[in-house]
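Both complexes below contain chain A, partnered by chain B and then by chain C.
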Partner chain A sequence: MSAPAYPPPYNPYASAVPGNMPPNMNMYDGRYVLPPPYTASPDYSRIHPSFPPADQGFSIPSQFLNEPLVANVAMQYGQALVGSGKQLVGQELEKYVPFSRIKYYFAVDTRYVTKKLGLLFFPFTHSDWSLRYEQDGPVQPRYEINAPDLYIPTMAYVTYVLVAGLVLGMQDRFTPEVLSIQASTALAWTVFEIIVELITMYITNIQTNLKTLDLIAYGGYKYVGIIFAVLLSILFHKTGYFIGLIYCSMSLIFFLVRTLKVQILPIGTSPSHHDPYMHNSGNKRRMYLLLFVAGIQPFLMWWLSFHLISPPVPKS
Partner chain B sequence: MAFTLWNLLEATLLCLNAVCILHEERFLVKMGWGANQNIQGFGEQPSVRSQVFNLVRSIRTVMRSKYLSILCY
Partner chain C sequence: MIVSRTTDASVLQDTDLAGPLVFCLALGAFLLLSGKVHFGYIYAIGVMGCLGIYALLSLMAVSAVTLGTMVSVLGYCLLPMVILSGINVVLSLQGLTGFVLTGLAIAWCSLSASKLFVTALFMDHQQPLVAYPCALLYGVFALITIF
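And then the complex of A and B:
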């Protein structure tokens, strides 16, 4: 067994408490002098390390670790190791799933949620769509009504799956597999939509402040409209469903266009010497991206829910 | 209709495969889609075509890299 790195390799002239003078320096006179063997002493400030006879090789004597001071130091070192290990794991995980960023999107409260839901259903009277920024990111959704959040999309997604199960159960089309199929389908469409948006943003070389999580948030707002339309379809069947769908599509398009206009289109004109390098085609690309993001929502809303509405009751 | 996550994974895999097996010298150059054929200024914005070529090229490089092939074993 090789000597571990800690405690430090065998050094008979060093004491266990660093900083003290080696206790035997004054006794060294050119001969190999054996330091006095360890004896249990109540004075722990000058501890002579015990050592094995020279022919046995190096090993940690068990009495070394039984001393309270060494045990304390060893435990503290062990705890420091564990702490740094946890930190390292956290850092590695952070590269793949940004946990600290996700916490920002869930910093919501009831007031924000109610106002945002009202905004999703009736955005026509809201006038100020700008976003306030802190040092390096937008203000938390708790304090800024226009900031995107992930709480509403997540809850709306789960509610959508449950409402789908409910509606299918009312039509006697329910099996437990249907729930997982619905959840997986909706998730797959959301992932696909976000991948398409990311690739589009990369290809057209548009620089925005939108992160991936922002796109996930904006893509998840459509589930609120889907739930509303499907619930309407319970009462009024096909006409109710289409009326609800059209109204929610219009309000969602309006909401997304006004919200994303602030983030995608350049704000105002900045008279700077960069003008020769600014290209007007960037504006056109940004507008197309905006219209694409907003326009794909109604289509997806319809695709994800039209199979849930009940066929009209045959008049007999 | 049931376009589940598994179907998405399959479609992604097939698309990635299609991107990788397009041989550059045999097809793309002849069709004018080679990676070295675009001349662009330094300060201008890269065109859509050059971005697409860069994307295809980088996907191909990543998929053919040694690190990924080690994953197969």
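And then the complex of A and C:
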């Protein structure tokens, strides 16, 4: 740049910020002399090559951005804009799909998953079903075996769809469309079950600490039982299937009753709000809700899997 | 791609999508040779599987996950599945040996994929948890290959 020394020499129309060129030569500035008449306005483009011609009006020319200081400021401003834009999008998305809450349900590790699966299959010897709480919510599933998680239900659901495909393939009933049919049917039934539970809780006006995601988690645990029963049916056909189904139903009912008892029925030493108006209200309703949630599981388990078992076909 | 003893996180700095694409096309070509025209299904399952595992890993991992890294890791670990479909051209995989071979291929795919993921995303004690969804994804590919 063959410009004069930076900052430019004294210009009565210069703005107070050093290094910036005044945007409009003809802007009246009361501190200095009156601007010359329009026709006699001097052409300052000779003094500074990047300065616009006098009669450009209020416009930022492209040569403006070539100056290093302006370019830096513009870049930083742009980056700040992008950052805040991303934040805004994230906030908006958070209103519809609460990502931070969902992350809590996936904070699991291998120990938790193996112990939880063991608990789903054999809950009869577990003695302590209470949940520990932190300041604003239950402890992460990683550290608390009784906390619900969404990893097992999601994996169990996907595995269920694949096992269904496998079993149908072994009976020569497989087409790839069958996978999507199974997936959407099971999803529809689960959503239906959760909506019914939510409506029941709303109508009977039961206040619990259960959130929707908790209900989704508890509703998804039945897929583990379904997978077990269907896998048994591969080996032992109908008898194996029914034995597996009955055993898994019993253990799931036991598991759910014990887990939800902590959360639905009020206890004297509950760590949640000690509201004297909430205690012992609708105990019978709460028990019915509990039994309903637990009792509906075997029917759904049977409904979602009975079409997958094969009749005992004599091997040809 | 050989299941090596040590992998470091720098392996994932360069996301390369050409290799995975070649593997997918090779898989489709081998399936074509066995008489199944399933390009659309491979593409659909690949995309859905990648998105699903991306969602799961971004929920489970503490550090940020990029889709490009995900796709390249999953695509590269598709190699054993390509080999399996190549075997399927000459032998039928529906017998007992077929199941064993399929199980081995799925295990190889998912173990290497989960090892790469766990190393790159610094997840502790979660490798089997990551390996399982990868095994499911490759199991779907195996289902298409066999049946």
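Brief remarks follow.
The rule is simple: the second predicted complex is superposed on the first by the 244 of 316 C-alpha atoms of A that agree within 3 Å, B and C clash if a C-alpha of one lies under 4 Å from a C-alpha of the other, contacts with A are read in each partner's own complex, and residues count from 1 in each chain.
The rule is simple: a residue touches a chain if its C-beta (ideal position, glycine included) is under 8 Å from a C-beta of that chain, and two chains touch if they have at least 3 such contacts.
Quick caveat, the model's predicted, so the values are computed rather than measured.
After alignment on the shared chain A, the placement of chain B and chain C results in a side-by-side fit free of clashes. In the superposition on chain A, A:Thr110 makes contact with chain C only, while chain B stays out of contact range.
Of the two partner chains placed by superposition, A:Gly90 touches none, neither chain B nor chain C. Residue contacts after overlaying the shared chain place A:Ile102 against chain C, while chain B stays out of touching range. Legend: residue contacts after superposition of the two complexes on their common chain; A:Phe192 is shown touching chain B, with no touch to chain C. With both structures placed on the common chain, the touch criterion links A:Gly295 to neither chain B nor chain C. Of the two partner chains placed by the overlay, only chain C lies in contact with A:Tyr151; chain B stays clear of it. Once the two complexes are laid over each other on the shared chain, residue contacts for A:Gly118 go to neither chain B nor chain C. Residue contacts after overlaying the shared chain place A:Thr204 against chain B, while chain C stays out of touching range. Nearest C-alpha atoms belonging to chain B and chain C sit 18 Å apart in the superposition, given in whole angstrom.
Residues 38, 41, 52, 56, 59-60, 124-129, 132-133, 136, 139-140, 143-144, 146-147 of chain C are the ones touching chain A in the complex. Chain contact summary for the complex, chain B toward chain A: residues 1-8, 43-46, 48, 51-52, 55.
In the complex of the two chains, the chain A residues touching chain B come out as 181, 184-185, 187-189, 191-192, 199, 202-205, 277, 279, 281-282, 307.
Listing the residues of chain A that touch chain C in their complex gives 99, 102-103, 106-111, 113, 151, 154-155, 158-159, 162, 165-166, 169, 174, 176, 179.
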